[in-house]
C-alpha cells in the first residue's frame, strides 16, 4: 500500500502521526453513547455488546498482535465471572472492588498458564489452549458445590455502585459501567500497542526466529501480554456477572471461546477495533434472529466464516480499509481516516 | 476387582479402536500437508447418517451400509477438498482452522435441519448383539466385532503403507514434502487420495460409532476434540502413534469414567496437556 | 589485540552418518574481513548456525574473545555482540523498515518491555535506527512495509537489522544472494562501508565480492577446513581449483 501523501519531515513525525487519534475513532466512541438516547430499551443488550467487545479486544491482543492462537480464552472470562460471583455470594457485593479482585484473579491464572504457552507454537499451542479451556470447564462442572454446576451460581447480589447506581433491568447502570470499563481498557491497549512492547509483539507475530537473531527474548514478552489479556478477559467476565447477577457454565465453555474467535475474525484482527465491530455486528444479528432455533444460528455463521476466510481475510475492518485506500475511497473518506495505525496488513 | 479391570480394559480398547479409525485419516493428512482440517469429524458424522438413512429408510442390513458410509464420506470430502480446502494449503493455521470450523458449523446446522437433533437409533443385526461370557467376564459381541474389524483395517493400512508404491509415496511425503516433490512424486495427487481415504475411514468410524456413543448433529464437534487429542498426542503422520494414542485415550477415558466418575473428562485433558508439554510433536511425532 | 575475537576449537557435528562438521578450527582477529567459501553442502551455513547457537555441536567449543559461549542461547550470543544475517531473508513482512530497525535497537537497549510509554518518546532509538537506514541508503523507503521493498533493499534491511544489534562480530550469510546486478551496487557499498570495529565473516559464492572485500579466505569442503589464506593464495591453490572443477571466477552465485 503506497502512502497517498508525501512522508512528513522526519521519522519521528511520521510515527507520531501514526499514533494520533483519527476522526473516525472519535465518531465511533461518540456513537457508543447513542444507545442511551436512541434505543434505551436495548441498554441491556448494549451492555452485553460492550462486555463481548472487551473480551474480543483482549483476544486480539494475543492473537492479532502476538500471533498466539488460543481456543481456550474463555477460561479467563469465566474465571473472572465466577470470581466476581463468588465474592458477591460470600457477602461482599461492592462492584468495583469485586471487579478489581476478579481481574486480578484471572490475571494470576493467566500469568501461571503463560509459562506453559510461551514455550510452544503451532498445533501443540492450539491444543494446549484448547485443553486448558476444556479442563477449566470440566472443573467448573464437577465442582458444583462451588460453582453451582449446570444450574449456575445462585445468590449473586450486587450493591449499588457508589451507593447510588443500582444494577437493574433497565440497564443504565450496566451499560455505563461496561462502557467505561471498555473505554479504559481500550486506552490501555492503545497505549500498549503504540509502545516499544507493542512493536516487539508484532515482531514476534511476524517472525519469531528473527527476534532471536536480534537478541530478543520472546518468552517474557509473550507472558506479559498473555497476562494482560487474561486480566482484561477476567474483567469482562466480572462485568457480565455483576450486571446480570448470574454466572453459568456458559461463561467458560468451548462455545464461548469459539464464539469470541469468530467475532474477532469477523471484525478483523490486529486493529483493536476489529473485536469491537465484530461484537456489535454479531450480537445485534443474533438478537435480531433470536426467534430462530439456536441450532440453525450456526449455519449463517459457518457460511460467514468460510466467506471471510476465502474472500475477506482481514475481516470487515480489513475490507473497509482496503476500500478506503482506493482513490475514490480516499476522496470520500480520507478525512475520516487520515494516517493509519494498525497491527498488521494493508 | 480384576473382572472390572479387565472389563474396563476391554471396553477402553474397543473405544480406542473406534477413535483410531476416526483419527488416523486426520493424522496422515496433517502429517503430509500440515493442513488443519477441523471438519474431519463432519465426514465421520456423514458416514454415520448415511448408515442410518440406508438402514432405517431403505432397509439395508447394517454391514452392507458400511462400505457406502465409507464411500459417501470419502466422496463428500473430495468435493470439499477440491472446492475450498486446496486453496488453503499454504495459508496460516488460523485460516485453516477457521474455514474448517465454518464447515463444521454449517454441517451441524444442516444435519439438525434434515435429521433433527435427536439421537439416531440403529438396530444392529442379531448376530452382533448380546454378549459372550468367558468365565466370570462378559464381553459385548459388538465390541468384539469393532476390535476385530478395526484391527483388520489397521493391518490393511499398515500393509498398504509399507508394501505398496502408493504407501511409499505417502511415507515420503510425510517425511519430507519438498524432497518427495523433487523426486518426482505427485504429492498433490497422493494427498488428494490420502485425504479421501482418511475421510472415508472417518465415515466408517462414524457409522460404527452409532451403537457405542450414539449419533446426533453435535457429533462433529464433540468427537473432534477427542480426535484432536489423539492426533496431537500420537504425532502427526504416524499411524503407529495414532494407534497408541487412541488406545491410551480410550482406556483412560473408560477408566476415568469408571473409577473416578466425579472427575470425568478432567483427567483426559490433564493427561493430554502433560503429554504435549513433554513431547510437543506427539509421542511419535517428528517435527 | 592478540586474542582472536571469534574462534572455534575442534567443532564437530553429524546427522546420523552424515558428517557436516569435522574438527573445524577458525580464529578471526579483530577488524579483519574473512570470506568463507566452499561448494554447496560443504557445511558453511551449518558452521554459522553452530557459531550463532541455532545448532548444537556434538563436540568442540566456540569462543567470543576470551569467553566460552558454547552453552549460551542465540539471544545471549547476540547480546554479547555476535550477530548474523540470513541467506534467505528473514524479516518482518508487515513492519516498515524503520519499525523493524527501531525494534532491533529497542531490544538491544532493553527498552522493549516498556508498555506504558509511547514509542515516539524514544527519540534516541528512532534516530539511531534512522541513521542506520540512512547509511544503507534505505532512508527514502523507511516508511514502506518490508514486503513492499525491492529484493535488493530487503537484503540491505537484513544487514541493517544486524547492525542495529551493535555487533562486534558480524556473520553475513551470502549477502548478495539473489540480488540482481542493478541493485547490487548499494549492497557492495554497504559491505564496504562496514566499520573497521566490526569483524566480518561472510559466506559467499560470488568471487567478485570475495576478492573485493576479504583480506583472508577460509575454504570449507565436506565439513573440514581445506585451506586458509589471502584471496590471491586461495585462487592459486591447486586443491581449491580442483574442488571447484576449474570454474573459478565464473562460478554461478547460487547452487
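We just call them A, B and C in the order they show up, numbering each chain from 1.
Quick note on the criterion: a contact is a pair of C-beta atoms (placed from the backbone, for glycine too) under 8 Å apart; a residue touches a chain by one contact, two chains touch by 3 or more.
Just so it is clear, the model here is predicted, and its values are computed rather than measured.
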Furthest chain, CA centroid comparison against subunit B: C
Core chain by centroid distance, with centroids computed from Cα atoms only: A
Centre distance in Å when subunit A and subunit B are each reduced to the mean of their C-alpha atoms: 34
Subunit A and subunit C, separation of their C-alpha mean positions in angstrom: 41
Subunit B and subunit C, separation of their C-alpha mean positions in angstrom: 48
Per-residue multi-chain contacts in subunit C, two or more chains: none
Subunit A contact footprint on subunit C (complex, rising order): 52, 54, 73-75, 78-79, 83-84, 86, 90-95, 98-100, 102-104, 106-108, 111-120, 122-123, 125-127, 129-130, 142-143, 145, 148, 161-162, 164-165
For the subunit A and subunit B complex, residues of the former touching the latter: 63, 69, 116, 119-120, 122-124, 126-128, 130-132, 134-135, 138-139, 141-142, 254, 258, 261-262, 265, 293, 295-299, 301-306, 308-310, 313
Complex interface listing, subunit B residues touching subunit A: 30, 36, 84, 87-88, 91, 93-95, 97-99, 101-110, 112-113, 117, 217, 225, 228-229, 232, 236, 262-266, 269-270, 272-273, 276-277, 280-281
Residues on subunit A engaged by subunit C in the complex (per definition of touch): 1, 3, 7, 10-12, 14-16, 19, 191-192, 194-200, 202-203, 206-207, 209-217, 220-221, 224, 228, 344-346
